[in-house]
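Presented sequentially are two complexes of subunit A, the first with subunit B as partner and the second with subunit C.
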Partner chain A sequence: MKFYIQNIILGLPIGVIWALLATSVVMIYRASRVLNLAVGGISMISAYMLFQMANDERWGIPLPIAVVLTILFAAAIGWIIERILLRPLRDRPTLVSVIMTIGILSLTTEVASMVWTVDRQPAPNLLPTGAIRFWGIALGVDQILTFFITMAIVGVVIYLFRATTLGVAMRAVSDDRRAALLMGVPVDRVSSLTWIIGSVLGAIAGILVAPQVGLTPLGMVFQSIPALAAALFGGLVSIELAFGGAMVLGVLWSVLPGVELGAWRLHDHVIGVQQIAIFALVVVFLVVRWQQLFGSAAKEEEI
Partner chain B sequence: MAIAVRAPAEKRSLLVRVPRLRTVGLLFLVIWPWVLPAQPWSSMAVAAAIQSLALVSLVVLTGWVGQISLAQAAIMGVGAFSAAQITMHLGIDFPFHVPIAGLASAGTAVLIGLPALRIKGLYLAIATLAFQWMLEESLLQMHWFSGGFNGVTIPTPKIATYSLSNERLFYYFAWGIAALLMLLVANMRDSKTGRAWFAIRGSEIAARSMGINVTRYKLLAFAVSGFVIGVAGSLKLNTVGSATPLQYLFPFSITFLALAVLGGIGSLAGAVAIASIFIFLQDYGFPQIVPSLAQKGALPILAAALLIVQLITNPGGLAATKEKMKEDIAKRHLRKKMRQARKNPGPAASQAAALHESATTITLADPEAAARLAERVAARGERAHRLDSPALLRAEDVTIRFGGVVANDKVSLEVRRGEITGLIGPNGAGKTTHFNTLNGLLVPDEGRIHFAGKDITDMPTHERAAMGMSRTFQIMRLFPRLTVFENIMVGTHLQNTAGVTSNVFMLPRSRNEDARLSERCREILALLGIDHLADERVAGMPFGILRLVELARALVASPQLLLLDEPASGLDVSETDAFSEHLMRIRDEMGPTILLIEHDMRLVMNVSDYVYVLEFGKNLAEGVPSEIQQNPDVIAAYLGGEGVTVG
Partner chain C sequence: MRRAGRIDRRIVLSVVLGLIGTACTIQGPRIVLEGQGGGEGVPGVVQTGAGDPGQGTVVGGTKVGGGSVGGGGGGGGPIVADDSCKGKATDVGVTGNSIKLGSTFAISGPVSNISGPILKGVQAYLNEINATGGVHGRKVEFKFYDDGWDAQRGKSKIKQLVEQDKVFMLVSVPSSNGLDAATGYLDQKKVPVLGTSGLIETQFKAHMQWPVGTSTRSAARIGLIDATQRLQAKTFAIVWLDLLAGYEAREAIFEAAKRGFQGLNEKSIVADRRISISEPSFESVWNDVQNQARKNGVADGRPDQIVLAIDPTNAIKAMQAAERLGFRPKKGWGGAAPLFLDLVLRDAPYAVKTGMTAGTAFFPPVGQFANQPAVKKYVQVVRKYFADVDLNNPYLQGGYTGAALAIDVLEKVGSCVTRERVIQAANSLTNHAPAGLTNPLTFRPLGEGPGHYGNTYGLVVQAVPKGTAGCTRSIGCWNVIPASSSDPFYKDPTPGR
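Right after this comes the complex of A and B.
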């Protein structure tokens, strides 16, 4: 029993990072109808930027300033992607913009591999390390802080969406871009701003998770796959559902390998059980919930 | 980037038209490896064949069927390791393990294809991404299968006693296999199978309505794509003699997709060209020119950057560039001709002028249509009752709910054989919803539907089509990148008795069926008076013509029942008259029963034998046109008042 409780708790800081990435995906999808597969790339390259600025002696930038610069860097990337790469594709089929984000993902991954190699780099730890013992369960202080920081950020984003003019504008744009335009919503600005915020969220997730999973190009990009799955659970439009989905996946990730049925340990017998579980959930969710989620066959066609 | 559903004869490539050139070309391909040193040239050519096949798998899946896959690298890996395992454990080596590897990958691809039956577009991208992730993790950990990080090694392939470590020999095998596979997939593209694929890419709903079994053809596409890339995997294993999971990681999946898009996804020649260029740069060009960058992997960066630039500037890829060059040449040619014609007027000039005219004034409007229509209406006469023939289609108390909204509330109607039945009602009355139910796109919450004496309530759309139910759509679902003729050929799916095997090998059965059905398409086009437009692209044609093209596509299936959803919306008065006249003529000459939704009262009242009226999802009235025109409820429904005549 204790094993499960411990692993459920350990799963929360994992899930919350994915929730942050998923929030970024959902926000961007809602405001610009683009599925941003490059979110992992943005988060990865930001983590590398921080590493470069903070760890390279020639640069010698104090950590807090480096963090601020990294955030600005991510914001700039978001702006550039939206303004220069995606806006010209707005009237083309959705698949084209997806392929564009795949191109961006590829570009960021390959550039990172070239500049920083595929070997693991020591990512700077922003948060105090050390462990707290609580009811016999050891928890890292950084994990606890990660959890609360991220919860707060997601809370702010949900508030932004629900209660501010910007949020209303974003929802209007996502419901009907043309109508929003006619009603005087500055559609382009909303779209730019969403990409900027979305990229910053990705960067925060990246710099928080890098010390925990290790800074490698692919390792960081793979963090975005469960996040995309979680975004899917929210139908790509609901931040709340995506958040819940990410937490569930995080807990599963942490619990599954250790599951024992008598003497039979899941991890020893099912290879890649965590990935299989996520893939299976994605498929089952999409296949079973499709009708309820997306309504009639005619509606299905538009997607 | 038209992927031609090949029109006969004239579209053949230069190589086929000039047999001598073909011979010379083949000879060159056979001889050159002996002229240039085997290293690096023959090895590069082998690598190019493998890369080409990898891209061809995406050309089929994404280019032709519109299904995205980010798991191609892992699927390729499955092929490579399967080949290695059966070589080591069963002693089946090259070339016999190649098709087995293909089948292993095909099976894996079908596994990801199963969710794709319900998922598509964006969602499929995420699902395949998760699949790649899962598969590559599994491959890394399944030591018994992949050898883990170290991978597996197989002995040098041999044919009889000849070792194939010789790159020159292997070159022939690799390209022979690649060419064969490309020929076979091209055969599929140019036949019934390919037309079904294009239909699915264009609109799954339209495809189902034409009787295409979307499930079957999608899975077939995944299997074909998997087979091709599995073969590529096994060839790669044989050239290197070993395989490790590190060769099949996620970035390779992305690079495949990027390259396939750069080649102009959908074009086999484009795939071969871009694959060859990529391999040349990777193995020779880059290391020679910028050795320091090449080691660090600058080429994938270049590919990604090019992809991004291309998406913005030239979405069609290499293939589109070639098309455009061809068009430019044709334009220059035409301009030259026009200049000549201006200099010395004569028959050539008037010919050019006529050409120009026919290209600019395509319209359905016809000054005599109104008179002909009046004749037909008069010949039919005023009817006091509907036809006394058996019911072909009967809907009984059909109820459809969307969440809390009741779109159809116990709607009943009966369409009798040989009749033209109208279904009218104000906007939002539930007409199109009812159509979608009759057609099988929606399943009713309550009520039954009978067609040709059978209860079809739970029958899938494509089976209803096979029973003789064709339809058109309110928002037309034509395939803009195909010509008029090609669009209509897609509609012959059910008439075509050739099977997939016959398509793959272009057996006489397949070719004869295509010939027979293209004859039929031309007849239908002639009947509707648009045969002169057969080889024009559909994109950019006027609405009136498009409506006829969609009607023709429904007609070539020789339907018993034709469902037309607002066929005259977007047409002007004169075009509507012409269309009405076509409808009556079609019914009289070809005999399908017709059920149409229409807002244009003139059309409905002119052509219908019987009319049903819906309002707020319920039956409001029914009767012959003259009754409907007098019905006070109908008038109130349309105008919210009384004392005005409908019609």
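Right after this comes the complex of A and C.
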């Protein structure tokens, strides 16, 4: 039992990685109804920009300034995506915009491979790298801090949607753009802001997570796939449920390989048990219908 | 509007599910661990060919000193160089002044960082060949495609090379997913593929493939020899990447233990843990390994050796997590060939601190090998074209040596180059060391003598800190462990019977 509890605890830092990315996905979907499949690419390219700016053998900019510049870079990326790539597609089916985000993902991956090669690069670590050891396990200080930062970000985004004029405007634009326009909502500016904030969230995820998962062109992209699954737990609109879903998936990823049923070890008999579990769980969740499970809370979020 | 929103969401959900499903298919031991990155231009050469990213033709102007070409003999029969065809077209892809070679690389895709340097190794060698006059007066044209490590795309690109681009033969082809899928086709068409990596077992059993590297199974057993003889290790854990090469390494170790290889037995493997290419964290992996080890009689959860049959990015994460935990095997970490990189020393200081070992099938510019003329030549040639590569990288050396094998066979055939004569020459190579970077290789037709198991040799290298054995670099160095060996059971997945 101790082993399972240990692995549940060790699964939380994994869930946090996915929760950060899922928050960005949900944020953009909720405000624009576009599923941002490029979230991994935006995170990755932002992490590379920080590396480029802060690394002593590159531009050597002091880390705090480099972080600010990276955030501005991500904001610019978000603005460019919305203004240049997605706005012309606004009157087309949403799927067209989704496919555009796949193109952005591919583009960012290729650009990163060309500029920084496919080899792992040393991502600057903003957080302390020590470890806290307890009960036979160890958690990195950076992992623990990332957990609390993620919680704070989730809180801020929820507050943004629920209690700010911008949040109300974002929801209005996503529900009915024409009606919002008639009501005097600056639709274009709100759309741009949505993508800017979403991209900044992705950049924060990339900056915090890259030292943990490794800064390679595909590293963050791989992590964005379970993050998308986590976002589905929230029906793509509930940030709380996406966060919870990411935590559940992280724990499953950590626990499942060690599960033993008598002499029968899951790891030995089910190839890709973790990936299968994620897929199966999402399918089951959708079949059962998350609205029925979480009822009114989810419905409120959707409106 | 509401209905439209629901439809949109259904579409979106379908896309996400599709992606997750696709991600699931990335895992699993059916996938082959190999690939290639690169695609950038090479200084001093002409690049032609357009339309397909990563595609290029190298035409340039030489010859790199290599090992001596041994005598003939064996089932393939000796081949006598025939120089009566100078200036003439002799076969598909061979004109009077050029010979067209082809390859596919996984320049994009999940393993592009593992085998990225192979392309550079091939390009460096072929460019140097052209720079020194070509092969029997013919310049080498090198055409390659990126197949993204996709088996069907790889097969299709190989067909394109053979049927549309009309290449004479293939070289290296590190994108082994596609090569594996195209094996039957290449056998049927009798198109030789010289200098493959040997990372997966099927390459040694294909009539038209001549691997230059040691098989993954053999490399795993050579690692076991080092661990049992030098370190006196008796208990092992294996952490392996969920791709075919990782699976083969794991299988070789289990079979070796089962058959009593080096005094091991089935209880010697106390922990067995698969990881994904996108493993987000290793804390739970180490917890699982310790838990298994305790259950299998290792009271403190620390096996004598932990074998890491994984890629460098995951290995670095693994080392960082182990350092956080203060966890290490009693006698050492045993790494696979992909870990023999400066990158590992730089980003995983714990590997240096704990003396991780890795393997290679080639003579690296390290220790006693650094002053060998062939190794010096290798360094000089690669540096000439690629200034910033890690010269120890076994994949870079594999690409370079694979290209050398192809050129050496062409040299041996003479100017009357035909596929049939190349096959005969390759199958009769005896005690030949391409580019001087390997122990002598001997090939024979499948079913005779060593067959295509040309290289059965392996070196073990160890990470050492600054100040050890003349190491002056702050990140540490790799040192060659003198007692390296060849695998006596290279053909046999179940040694010791």
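Quick notes on this one:
In this text, the second predicted complex is superposed on the first by the 281 of 303 C-alpha atoms of A that agree within 3 Å, B and C clash if a C-alpha of one lies under 4 Å from a C-alpha of the other, contacts with A are read in each partner's own complex, and residues count from 1 in each chain.
As a convention for this text, a residue touches a chain if its C-beta (ideal position, glycine included) is under 8 Å from a C-beta of that chain, and two chains touch if they have at least 3 such contacts.
Remember, predicted model here, so these are calculated numbers, not experimental data.
Under the clash rule set out above, the superposition-derived model of subunit A with subunit B and subunit C contains a clash between the two partners. In the superposition on chain A, contact of A:271 is made with both subunit B and subunit C. Applying the stated contact rule after C-alpha superposition, one finds that A:227 touches neither subunit B nor subunit C. Of the two partner chains placed around the shared chain by superposition, subunit B and subunit C are both touched by A:218. Of the two partners subunit B and subunit C, it is C that touches the larger number of subunit A residues. Residue contacts after overlaying the shared chain place A:104 against subunit B, while subunit C stays out of touching range. In the superposition on chain A, A:47 makes contact with neither subunit B nor subunit C. By the touch criterion defined above, A:22 lies against neither subunit B nor subunit C after alignment on the C-alpha atoms of chain A. After overlaying the two complexes on the shared chain, residue contacts for A:190 are found with neither subunit B nor subunit C. By the document's definition of touching, neither partner reaches A:75: not subunit B, not subunit C.
By the document's definition of touching, of the two partners only subunit B reaches A:85; subunit C does not. Across the superposed pair, subunit B and subunit C both touch subunit A at residues 35, 37, 94-95, 98, 109-110, 113-114, 218, 222, 225, 228-229, 231-232, 236, 271-272, 275-276, 278-279, 282-283, 286. Touching subunit B in their complex are the following residues of subunit A: 35, 37, 85, 88-89, 92, 94-96, 98-100, 102-107, 109-111, 113-114, 218, 221-222, 225, 228-229, 231-232, 236, 271-272, 275-276, 278-279, 282-283, 286-287, 290, 295-298, 300-301, 303. Across the complex, subunit A is touched by residues 66, 68, 70, 114-115, 118-123, 125-127, 129-131, 133-134, 137-138, 141-142, 203-205, 249-251, 254-255, 257-258, 261, 296-298, 300-301, 303-305, 307-308, 311-312, 315, 402, 436, 441-442 of subunit B.
Interface residues of subunit A facing subunit C in the complex, by the touch rule stated above, are 3, 6-7, 10-11, 13-14, 17-18, 29, 33, 35, 37, 93-95, 98, 109-110, 113-114, 117-120, 122, 131, 133, 136-140, 143, 175-176, 212-214, 216, 218-219, 222-223, 225-226, 228-229, 231-232, 235-236, 250, 253-255, 257-258, 267-268, 271-272, 274-276, 278-279, 282-283, 286. Here subunit C touches subunit A in the complex through residues 1, 5, 8-9, 11-13, 15-17, 19-21, 23-24, 26-29, 37, 40, 53, 108, 110, 112-113, 116, 242, 272-274, 276-278, 280-281, 283-285, 287-288, 291, 312-314, 316-317, 321, 324-326, 343, 346-347, going by the rule given at the top.
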